[in-house]
Structure formats: C-alpha cells, structure tokens
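The next block holds one structure in the form of structure tokens; read it before the comments.
As written, the chain order gives the labels A, B, C and D, with residue 1 at the start of each chain.
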Amino acid sequence: MNGAPILTVENLKARFRTKHFGVSREVPAVDDITFSIRRNEIFGLAGESSSGKTTLIKTIAGLVRPPLELVGGRAEFSFLPDAPTLHQASPAAVAKVRWRHLSYIMQASMNVLNPLRRISATFRDFALPHLGGTAGDFERKVTEHLALLRLDPSILDAYPHELSGGMRQRVTIALATICRPDFIIADEPTTALDVIVQKDVLGMIRSIQREMGSSVLFVTHDMAVHAALTDRLGVMYAGCLVEEGATSAVFARPRHPYTRHLIHSLPRIGDDRQRASLAGSPPNLADPPPGCRFHPRCPLAVQRCRQARPAMLEAEPGHRVACHAVEEGRS
Amino acid sequence: MRSYLHYALRRFAQFVLVVFIGINLAYVITHATPIDPVEQSIAAVTSFGNTAPEAIAEMRRSLQELYGLNGGWLEQYSTFWSRVLRADFGPSLSAFPAPVSSLIARALPWTLGLLGFATIVSWLLGNLLGGLAGYYQQNRSLKLLGVLAMALHPVPYYIVALALMIVFGFIWPLLPITGGSAMNLEQGWNLPFIISVAKHSILPALSLILIGVGSWFLGMRSLVSNIVTEDHVVYAEIAGVDPRRILGSYVMRNALAPQVTGLAMSLGGIFNGAVITEKVFGYPGVGTLLVDAVYAGDYGLVLGVTTVSILGVSLGVLLIDLLYPLIDPRVQVTT
Amino acid sequence: MISMRTWLAAAAMATALALPGALKVEAQGIPQNIPRKELLILENPEGTIKNAGWFNIWAINAGSQSNGLQQAALDTLWYIDPEKGIDGAWDNSLAAAKPEYNADFTEMRVKLRRGLFWSDGVEFTSADVKATVDIQVKNPNMRFSAVLANNVASVEAPDPETVIFKLKRPNSRFHANFTVRWGAIWILPKHVFEKVEDPAKFDFNKPVSLSAYTLHSFDPDGKWYIWQLREDWQRTSLGRFGKPGPKYLAYVDPGPPDKRVIAQLNNELDVIHDISPEGMFRLARDGKKSRGWFNGFPYGHPDPTLAGVIFNTQNEHLKNRDVRWALTLMIDVKAVVMAAYRGAATISAIAVPPTGIHPEAYHKPMEAWVRDFEIDTGKSKVKPYDPTVAKQITDMLRPSMGDQIPRDEKEIANSFGLGWWKQNPQAATELLERAGYRKQGAQWMTPDGKPFVLRLMVEGDLRPVMTRAGTMIVQQWRQAGIDARIDVAQGTLLTRRAAGDFDSFIGWSVETWGGHQDLSYFMDSWHSAFVAEAGKPQPLRNWQRWTHPELDKIIEDIRKIDFDDPKGVELGKDYVKLVTREMPLIPLMSYNVFTAMDHTYWTGFPTAENPYANPVTNWGNSRYMFVRLKPAN
Amino acid sequence: MITILRDLLRYNGEFRIGFALIAVVAAMAALSFASPYPPNDVYVVAPDAPPSAAHWFGTTSRGQDVFWQLTIAIRNTLGFGLLVALLSRIISILVGLTAGYLGGWADRILMAINDTFIVLPLFPILILFYFVLRDSMSTVLLACIMASLGWAYDARLIRSVAMSLKQREFTDTAIFSGMKTREILLREHLPYVMPIVFSTTLNNMNWSIGLEVTLAVLGFMDINTPTIGGMIYWANQHTAIVAGVWWWIAFPILLVVMTFVGLYLLAVSMNAYIDPRSRLARMGGGRS
C-alpha cells in the first residue's frame, strides 16, 4: 500500500445546535476525531446508529449547514491541499473537486436520485461538467462505464421509480464512479438491500475500487461487511473515534471493549454460545456522560473512566485505541 | 401511455362528477325556491308598461317553455340538462330578448383574460419568490417578503381591491378604476385598445395577484425548506452540481408538483376572488355580470353564469390535472 | 448569493413589466379621439348595458332606456316639461298643434309638422305615426301593444300631415300616451320596420334617428354610447330652437357614486344623473364649477314624483285604515328627511309631488283644509297636521349649513315644503287599539295574538337615499313597538312591487307631469278595474292595490273633461282629500335628484334660476338643454 | 393545555403576534355588551364627526358611533365565523375520519365527493342561494349553508391524519378488543385529530368571515344585523370615501384585517406546534 494519506482528519469537531419552542440543544456529534486514509484503500467506519458516523462524513465532505456547525479541527484532502476542510474552501475550488476527486454513495440511496428526472439527466447533471466533451462523447463514456458495471444502457431512459431498489443502488454506484474519483465516501450503501443483492453490490464496489485505484471511506454498522470488504477500520462511539487499525488486526485482536462487543455480537457458523449482550443503551448525545463516554456500559469501567477522557493512543503500530484500560494494560 | 390513459380517464371521471354535482346543486337550489321564475319574469316585463291580459297569457306560455316548467319532474329535469348541454339558458330578463348565452359569451373573454393572467403571474411569481425564500432562508429581503405575504394572504379579495381602489384611484389617481378599456376605441387587435385594456386591468389583476402571490409564496417556501433536506438534493449538492441547476431542477421543480395540485384545488377560490374584484373595478367580466344579474333579479342569467362558472372552473382543473404528469411522471403509476 | 440576486432582479423585472408605464398613466375616463370641447359627457344611470347592441325601444324591456336614444334620436308628438320649458311647459314636437278631440272624446285628430326627416334622409309623415300604432297592435308582445290595443279602434292617415285616432272608449287623456314625461310612445320609422319580419325580435342597430343626433359608436360591453350631431339637424323638431351646442354626446357608465364624484372632479363627467347627498356636498365644495339644480342647499332637482311608503293594502294588517294612519303617526318626518337627504328634501303631507306647478295648484290652496283635518281615534279627536315642519327642518340645518339655508318663509316653502303630520304616539296607540291590536310589554301584538311583523322593502344601493329613508322609518316603527324589518330587494324591487310580494316599500306610485296640473298621468291607472288579485301581477302604477268607489268616480269624471279644464284641479283636490283620509300610502317628499352639472366645458344648463328643462339624464324631456348649452371658454 | 399556551406564548413570535391581535379583537367584541347605544339604531349621535375624545373612532353619516358600532359588528362577525367553523367541523371530522379509517371504496367515494366540493366555485353558488332565498336568508341560515359547502378541504387533512392513525398499534388493539368502528373513531382517533381540527377551525373562520364580508358588502346579507361587512356596505351607501368620512371605512377594515392576520398566525403557529418534525426536535433526539 502506498503510504501518502489522501485524507487527513485532525481534531475534527462539529455539533448540532437547535432551538424549538425555547428548548435549545447542543449536540456534539463529532468530538475531536483524528485519523487518516491512504490512497487505494478501503477504510471502514463502524458503530451503532446515531453514533455520529453520518455526521462525521458529512463534516468531512463539507456538507455543513445549520443546524450542523463546524467547531474546529481539519479534514484535509490531498487533492485540495490548502483548505483545512472542504467547508472552508472556496466554493469554486470545492465545485471543481467534487465528483471529479471526491464522490459519495449515500445512505438511503433509494431516494438520492431526483424522482422527477430521468437517469440520463442525473448523469449529465453530475458528471458532464467534470468530464466535458461533446454530448456524443459523454454518452459513449457513460455507456461504457455502465457496461463495466454490467448495467444495461436502457436504464438511462428510466425514471428512478421505475427501477428496483437494488438497481437504483447500482445506478448510484455507477453515478459515483463515473468520473473515476480519487476518493469515494460510501454511507451504508447496502443497508436496505436484501442479502443477495447486497453481496452483488459489495462486489461491484470492490471491483471498481480495485480497477480505478480509488480510496473508499465505507460506513456501515454491519461488522460482517467490514470484515469482508475493508482494509482498515475505525470504530465510533457517541461521537468519538474509539479504535482504529487494519481490519484484520482489529478483528484479530479488538482492543476497545466496545469493538470487542461489536465483533463478538456477529453471528458465526457453528457457534451457538449465548453472547453477552451489552447493558444499557447509547448515551443521549445532547447530554453525554463525563469521562469515557462508554463507561456506563463498560464492563471494565473504573473511577478514572468516569472522570477523564481517554486519549487515542497507539497500542500497536498502526492500531490506535482510546481506552484507559488498554492504556493501563488491563485489557 | 396506457397508464396515462388510465390516469386521464380517472381525472375525467372526477371532472364529470364535479360538473354533475355542481349543476345539480344549482338545479336544486333554483327549483327549491318559492319564487316562480315565470311570474317573476312577467312581472318584470309588465312593470314597464300596461300590458293586455292576452299578451300576458301568451308570454306566460312561452316562458314556461323556456324555463322547462312544463311536464312532470323528470321531464323538467331532462329539459334542464339538455339546455345546459346546449348552453341555452333562454332569454335574459334584464336584457330581454338577448339570450343569456350571448351575454356570457361576451363577458367570458374578459374574465378568462384577467383570471388567467393574474393566476399565472401570481403562481409563477409566488413560487419563484417562495422557492428562493425557502432556499436562502437567511436572506433579509426574502424574510421581509415572507412577513408581507403572511399579512396579505389571509385578507379577503374585497378588502384588498377596495384598498387598491382607494389608494390608486382616489388618493394617488394613477390608474383607471372602472371599466375594461377607454371609451371610443375599436375593440380588437389594435395597439391603442390593447394598451388601454392592459391599463384597465392593472388594478383588478393586482388585487388578485397580491393575495395569490402571498399564498403561493408561503406554500412554496415551506415546501422548499423541506425539500432542501431531502436526500436527492443533498446528494446533488455533494456531487457539486451547479447550484442554479440544483435550485431549478432539484428543488423548485420538485416543489412545483404539489403546487400544481394546489393550483387545481384553489382555482374555485381564485374565481370567487375574480367575481368580487371585477365588481369593485366595474370590469366587464362574468363576475360583474353575475352580481348585476342578482341585482336585476335576472333568473336565467344568474343560473347561466353559475353553471358556466362551475363548468369553467372544473374544466380548468381538468386541464391542470391532465398536464400534471408532465411535471410529475410518478402519478401515472401511483394513482 | 450572486445567483440569488439575479433571481430577485428577474422577479423585480417581471413585476415592473406587469405594470406597463404605471407611473406615467393618468385616469383616462373620457372617450378617445374626440375633441373634449365638442363633447358633452352624461351619465347613463342604468350602468352597464348587458345587450348593448339593442336599440329597438319598442320591444319590451329590451336594451338600454337611457343610452342617449331617449334624448338624441327618439321623438314623438308632444312634450310636457316638468319645469317651465323653453317656450312654455307644453311643446308641440312632431305635432304642429295640440290634439283635437271630438265632443265625446272618442276621436283624436293630430296635425303634424312638415319638413322633418329621418337621419337616413326619408321624410317623416303621418304614415310613420300610423305604423307605430298598427305594428304594435299587430304584434302583441311589444312595449306599447296593450295600451294601444285597449284604446285604439283604428288609426287613419288621410294625408301626410294628418293622423286620426278612433278610440274604443271615450278618453280625454289619450294624447298623454304620446306626450313625453320621462318617456312616451315614441314614433318608429315605418320604412325600416315594415321590412322586418318580427319587430319584437329586431335589434334596430344601427338606429335611424328622428331627432338631432345619430349614433356615432358604442361599446359592445355596454359601458358607453356616443352620438353625433346630424348635418341636417335643422330638419328635426329640435331645429326650431337653434343649433345644439355639443357636436358629440357620450352616455357613459361611470360606476358607483363615489367614482362618479371623482369623475366629475376630474372634469370627465359633465352631468351626473344622481349621487348620494354626501357626494353632492363634496362636489359643491371641491368641484370648482360643479353645481346642482339649486346653487346651494338643497341642491337636488325635485322630480314630479312623490316618494313615500307604499302599503300593500291587500295585506291582512294594512287593509285597515286605522293601522295605516297609526303607522303614519309613528313617523317623525324630520328624522327621515335628515337620514335620507340630510335635510335636502321637499316634504309633502298630501299625495301630490310638491314640485313643478303643484304647490300653487294643490299644496297652498289646500293648506287650510289640511290644518283643519281631524282624525277620530275613538278615544280622542286630533288634528295631526303640523304646519311648521319645514321651518323646523331649516332650523335644524342652519347650525351646520349656515347662510345657505333660507330664512324667508316663501323660499323655505319653495325648497323645503310646508308642513307634515306630527309624530303622535298616543294617537297611534289609540288607532291600533281600535283596530284590535294589543301592546304586550314593548311589543305590539296583532288581533290574533302574534307579534306585529312588518317588512319595508328598499332597493339598497341602487337607490341609496330611499334606502336610508326606509331604514329610518323602520327604526321609528321598531321604537314604537312593531317588529319592523328592512328588506333589501335591489333590482328585484320592481318585480316584487308588481307581483305584490311585499308588506310595504319605499317608492312611488304618484308621478305627475310637473309642468301641468292634470293628475290623470298616474291616477287613471288607479282605477279599480286595473287592480289585480293578490298574487297576480299588478299593472303600472297602483302598486298599493288600493281601491275605493269614490276614487273610481273621480277618475271617471276626469276622463270626461278636457285636459286643460279647470274642473280637473277640483277633482284633483277631491282625490287629495280622499287619500289623506284613507292613507293608502304615506306621502313623504318629492324625489329629489342630485343631478350635478360641471360648467367647466359647457354652460347654460337648466337650473332653479333658469328652469327651462329638467337636467336629469334619463328623461326624454332633458333633450331641450342641448340647444341651450354653449361651450365654456 | 395551559402549558402549551405558555410555551407558544413564550417561544413563538407568530403565536405571540396572533394572540395579541385576537386578544384585541376579542376585547372589542366583549365591549359590545357595554355599548351605550342600541346597535340597530341610527342617528343616535351627531353624524360625520371625526375621531375625537368623545367618539374615539368618529361617527358615521348615519349618526352611529364607529367604535361602539364596531364592537357589536365584530362580535356578530366573529360569532358567524365560529358558527360556520363549528358546524363544518362536524362534517369534516365525520367524513375525514370515516374515509381515512375505512379506506378502500368508501374512501374513494367520499374523497371524490370531497374533491368536488374543493373544486366547486362556492361564491356563485352562495349568490344563487341568496338569489332564491332573498330576505329569508338569515345569518344563521347562511352559516348553515356555508358550513355545508366549506368542509371539504379540512376533511382531506383530517383523513390523512386518520390514515396514519390506522397504521398504529392501538388501532389493532382496539379492534381485537371488540370495539365498534364508531367507538374506535370517537374514542381512539378523535383525540389525535383534535389538534389539527383546532388549527383548521381558525383557517375556516378566516374563510367564512371573508365570504361574509364580501357578501355583506354587495348587500347579499341580512343588513338588519350589524357586521363588519354591513358597516362597509353602509359606508359605501353614503359614499364615505369621497365624502371624506374615512374613519367609517378605515377602522372596520383595520379591525377585520387584524382578525384575519391574527387568526392566520394562530393557525400557522399551531400547525408548527403540531408538526411532528418540530415536536420531535422539541422532545430531543435530534438525529445526526
């Protein structure tokens, strides 16, 4: 793997601020997160729902708009060197980068295609400004790309509602990869699909990534998908990154108690032991517990965990974890 | 194509139902009255001169034929419908013996012009500004527009028309406040006449537009502020699609679909507004005709205008419904 | 952000385009392409004419009655001016002389003027008069068919200047049908109508004129009509008085009263037919050259029409004379006059309009009788007349109106009238009790024990002044304990009064010549022979459906004497006494019309000082003012 | 209920303005009971007086005090609006709940009729009613007619709420426990529909008052009952605008516009309060 990071995230902080009928609320959904993604790798981001995964990638992708606001830190792409985050870069610079270098496969991809436009129009809107060329050239490129993904070019004439869910997701992947971007963010792209289609789509992402040599930030709560697909893995809990390392290493030896819980809760063939379920529920982010945010549910929690935030420290080379227990060698 | 046909048939069925219920309502109302239209007509006609008893008897006979009051209930009812279908409402009492249909035909283009122009302008302007206000929620002048719209939109047409008339007719007399065009101009496609019609239409149209814009503005603003958070818009933004294209093809256009339905639903209400606005400004359309017909006790004319407005409004709604799939391809499948 | 500015700019542009030249427009309420100095603009009080292209006035109720046709194009045998007239109230128009009857009034002979021509160049002759009768008798659905068929046995035209009417019955007033007071039987052009298959369905567009003007153009939407002076105006009956001043006449619909006032303030409407008193006051104050019939208060022209409360005497309660008198004695006429005309009215206690020559003929000579008139309520005898009411009204007005209110008794009598019935709740109570009504608390109950409900029908904003009078009277009745209600009938008042579908209404059934003392113009139609049964349409003009043997006797006697016979006045006085005793209608005041004339472009309008004609725009008689109008400098 | 009111008052600007406007209007209406003049009588004070200490809003050309006349007029107008709104609520709740709950053919038929009433131009129909009923057209009768014409739009809203209720668990529970349709609708669904009923009531009042003013101004109303439209009608009769008696037109218009804007703002803020999105935001759990 070539080492230069394509994305460097440092101390990134973002929060929601809402006010409704006098009840005002601040939710620190991204709390001091640091990590980086290298070229030509698939980086997985895991965590339960509402652990801040989507907010993190929105912040990285520069989609910061009220009630979400950026508090500090940076998320710098190598193809846009001088801007600390996309959000702070000039709109013209961002417009150039988008889709050409950075594309996105969204959660709930059922609804990401404009229901009132034909697929071909969406392709034109998204990719034509980047690819340029004559209409004929463009059409040929799109058709070729669809062929690469083994999609029938006739879908271009369809409206989204005329396609099945899986087909729509494949179209979205084709759309996200048409410009051969350097960096693809994929947010739960397979969640709503049934298992067979899911497998197919994952294979598609894998092959196109290999073919193009792009980097992928792949977000899902499904640890099995991570195991099958990603090169490296980050685990989020309550707005914080708690563990990060090579996927194989993390799976082989999960260090954070929460990661361990996630991995152990995966069903395994031939394993019918009763799995210990985690007590409690994810914290209310509007009023997070002090210290380590996981401590109310952590079997290893001690007094220190209740008071001080654990720092993200390298437990092994390339494998970082934020846990007092690991730091103290208790885990 | 088949699904469109299916959709069109359904809309047509709804149109037929509206016309059926509306016109039956008119029939029931007019036939439930204790007033005998024939005696009323005779009284009206004879009130201007000494008329011989034989002449009255003769007139009664012909009027009874005209109003379809001969024969049994069923025969009367079918005569009524055949008259409606032939657009034949007999002679107008207040303009005897001119047929009601010719009076309506004369007034209808004025109303269609005024109503059509005002409706289209207010719909476009209201949606444009409302869409912008929903998209650029922090913009101050758009916020101010929102406050204005909120203050204007709930006010009834009459009050706005009266206020405009006082301001531009009396206090600051810039614009003509009565009539459809200046006097002694040849009606037709000549420039002085067209300019004159345009001038005379400003105030009536403005009173319809002021209220219309407000309601479309508020509707569009709330639609857009919801749509901008929808996935396909966010996705297009992430993709770096040209913001103007996003605003146009992703936000506005998608918000327009419910606004088109809204237009169909509020056409009747806008027509109500046109009636009163025309009366305030003495505009020679069907609204003025209707109110004057009531003042004059012109039974056939009142019934005729009511029927034609029911037909006209439902036709307008049908037209919008039939064009709706152009805006939203989904309806063909979902309905 | 930039793109949003673009959007906003576009929106602003669109708005600006929607108001083409808004900032440079003036209210353009006058006909285009005609020099203003040659144009007289008059109000057509009928408003917008629905079937604008109809000029056949001989068809029933069709087309406009006052689009200018009545003054600019139509003519008939005689005119009686409601005022003094240019050359006396009586004018021989198409006729060369007054009508000549035979001894038993069964034949009327008319001598016609020669040298008069229709606007298409055809000469007017006796054949046109004969055709006017024959065509309408032959087609029974025409406007004057019934009256002609009832009266005329045959009509002969032995030579071009002589017409002989053979009547079915003696009728000394037959010529009244061809004598213009507002309107009359107009003469139609034989050469046009004889070619028409069904004259009742013929629109007569473009009309052939017998008077000084011809149709120039008209609005198919019915808002305006423009008439142009004939080149050969001298070949019309109006030619006798010299060349008419205005080359063009425009009869327009200027809109509701407030718009009329604005139009005249902008000098865009020379003659307003009628407006509210408030509008008249505003014009008198701010219109530099606007004035009414009187230069100051009370402004309005008193039409020879008696406004009053008309009872439906076929109504269960109103059959009873005591009830009718009780209702009269509940009224304080001063408040009614203030409410209706803000005091600008001429009151009358008797059922003859206090206008024209009538005060001299009836009101003043009968003042002594009226003062002595006595009512016996059964419990007491009262003399209900209060001769000082007009003076009381002027006293009420003087604080706010100042010196324009006359102090001279004669002048007061001239513009405000004499006395009226004094409000007398006690006498009213006694009369009602004698009629079997009982008061329960504050509420009058009918003899059968129900609350006494009485509706008073008004026309609403079609006749604002009368509506106000009605509202005031209803209030006074209510305060006296009757459950009285106002009933706004708008235009249907005409229909409903004919159908007898009312308890009482504000209006008139007494209309007179004004310039002639003869009362048969309205009274003849009050004969019991014409009264319809309840529920059947009542022909013109006995709306109260009141009959009395004495009345029939008076009417029959009048029919047997000559139009100018002084005995007519004596019979008229008998009528006044009878109606005063019976009170089938409560006389209130003359119908004062606030006709406002703008002297900016034209001078020489008829006024109280120069009463040669009536200036109201819908009377056929008002045509005489055209020949007296001169352009202002 | 009181806490809702307090919350709305404290935190929602639109509600605050609307509440203030309606409070003023309601206070005016309440004052009518203290009026020193009989409401139907004319010429009780000197006519045409401009606003002064004695007559705050001046007097009319009919000799009525504009202020006191307004109090009774707005009371009658509001009363009329309320009556129409209440009567039409009965129909729209009935139709909306039934259509939403039953679904299928019943829903289709009801909605077809419903849409007809949305589309029909009601003003000519009302005029037709006036035309044939004439002076038997009393205020109460007009209210009944308008109620039976003006329910459709709100029935559609209620139906959509009812449809979503049908999906909820408690409906199934109620069905299993053997409740009849009528009981389910009245006991289980109605309470959930009430908030939207309340906000549509306000909008419906605006609608009916607007039509009342329009009809009265044209003289198509019982003019024996003083209303806002009736006041403008009489002012027009006396050409108040050109006569310079502007206070006769201005104050009724001002008050009725306050009513319209007030009712509208109340409805809007009420809707925002009911809206699930804002409710969710209020209760916490703003999604990331």
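Methods note: a residue touches a chain if its C-beta (ideal position, glycine included) is under 8 Å from a C-beta of that chain, and two chains touch if they have at least 3 such contacts.
None of these values were measured; they are calculated from a predicted model.
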Chain pair, B-D or B-C, that carries the greater number of C-beta contacts: B-C
Chain ID, smallest distance between chain and overall C-alpha centroids: B
Inter-centroid spacing, subunit D versus subunit B (mean Cα positions, whole Å): 23
Centroid distance [mean C-alpha coordinates] between subunit C and subunit A, Å: 90
Centre distance in Å when subunit B and subunit C are each reduced to the mean of their C-alpha atoms: 38
Where subunit A and subunit B are represented by their mean Cα positions, the distance between them in whole Å: 54
For subunit C, residues that touch 2 or more chains besides their own: 256, 258, 262, 460, 490, 492
Contacts with 2+ other chains: residues of subunit D: 134, 241-242
Touching two or more other chains - residue numbers and ranges from subunit B: 170, 294
Parts of subunit B lying in touch with subunit A, wherever the complex brings them together: 230-232, 234-242, 245, 249-250, 253-254, 257, 327-330, 333
Residues of subunit D defined as touching subunit B within the complex: 14, 112-113, 115-116, 118-125, 127-134, 153, 206, 209-211, 213-214, 217-218, 220, 232, 241-242, 249, 253, 256-257, 260-261, 263-265, 268
Subunit B residues within the subunit C interface of the complex: 39-40, 42-52, 54-56, 58-59, 92-98, 102-103, 106-107, 110, 121, 124-125, 128-129, 132, 135-136, 139, 141, 169-170, 173-180, 182-185, 187, 192, 195-196, 198-199, 202, 205-206, 209, 243-244, 247, 282, 284, 288-289, 292, 294-297, 301
Subunit B residues touching subunit D - in the complex, by the definition given at the top: 14, 17-18, 21-22, 25-26, 29-30, 32-33, 35, 150-151, 153-159, 162-163, 166, 170, 264-265, 267-269, 271-272, 275-276, 279, 290-291, 294, 299, 302-303, 305-306, 309-310, 313-314, 317
Parts of subunit A lying in touch with subunit B, wherever the complex brings them together: 61, 63, 94-100, 103-104, 106, 108-109, 111-117, 121, 125-126, 129, 159, 161-162
